[in-house]
């Protein structure tokens, strides 16, 4: 049994960006030398979400439309904005509902994902950030 | 410390089906011989969701009603449908928001769930599929 | 490699309460003596949710408002209420969508969370309960 942890850093630019990080996570699994076990992927930023999606422009637009039903980007709507003058209230709500981590099974050295299932990192902060951390832990043998 | 991974296969029929898979996951925990640790359950299909619910017809109807507020089964609503002629746009959105995995704690050989808390596998694809994979990993000692 | 499991018990009072349990989870990580690995936090009650949020009154109000769009506290709305006379239909739906567990990465003995990212336990049952269990598993080396 072995464990391999790593901090990845993503430069997300202006924010409100959803990125496919499947390749980055696969690389960490490869480095670990672990064949059977799990890989946990966790956002290290409060307005970040880790989940899966078919990463194509249609699904990305559909996801944003669905999230906008209950947590639109509309700063005056949020009590968080009124109290702190932050414009990321929708990001906090989306993170709490969607979750900040996902754990995948690894078998024969591969993450158990199908072709239309990418690991995405959603940065729902509209401000420019130099970088956002995502933490990865591979465990198994 | 030990690790036990397994691929389960479920025949979901016509799709848009929510199944109670608690017994199947319990069986894998039993096979593993692990008494204390975790069990990770992960959908191996992009429109599949792993989560928990009190598995009774009322809660199943209530969950579908809630999901229909932001991601109804309504193919013309989705950009994914327009681009790919797939009718599973709602499934991709539900997966991204609800998540494709859940990890449970195992103590004294039992998954730490109460009576009204079942592990469910939701297949939100309306098409007939021969089978859908769910991956399970038990880790601990 | 080591594993450390623990059952925490929270007295939630009247219910419909969201509590910051970051300190409690940190304590379990400290007890474990594990420096690198993961910590899984899982609700042991069907209407409980484990997720993250910036724990301040604005975000708490915003989260409740967003959840009320698709799963308001409104017992007559739920089929679960009609069948079982329970008033927790919204809690079951919220649990299924938000998830009952979250797994975090541990590095150098610390959970990889930033300042504005707390681990929360949401009890969406409106009834008085003597206690609610949350299960924690720290694994690694």
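The first chain written gets the first letter, and so on, giving A, B and C; residue counts start at 1 in each chain.
The rule is simple: contacts are C-beta pairs under 8 Å (C-beta built on N, C-alpha and C of every residue); 3 or more make two chains touch, one makes a residue touch a chain.
These numbers were taken from a predicted model, which means no experiment stands behind them.
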Would the interface of subunit A with subunit B count as same or different, where same needs over half of all numbers used to appear in both copies? different
Overlaying subunit B on subunit C by their Cα positions calls for a rotation, in degrees to the nearest 5, of 120
Approximate Å spacing (C-alpha centroids) for the pair subunit A, subunit B: 19
Would you mind listing the residues of subunit A that make contact with two or more other chains? 1, 69-70, 97, 99, 103, 139
Within the complex, which stretch of subunit B touches subunit C? 1, 36-38, 51-54, 56-59, 61-63, 65-67, 69-70, 97-99, 102-107, 112-114, 116-117, 120, 139-141
Residue ranges of subunit A in contact with subunit C within the complex: 1-3, 5, 7, 40, 42, 44-46, 69-71, 78-84, 89, 92-93, 95-97, 99-101, 103, 133, 135-137, 139
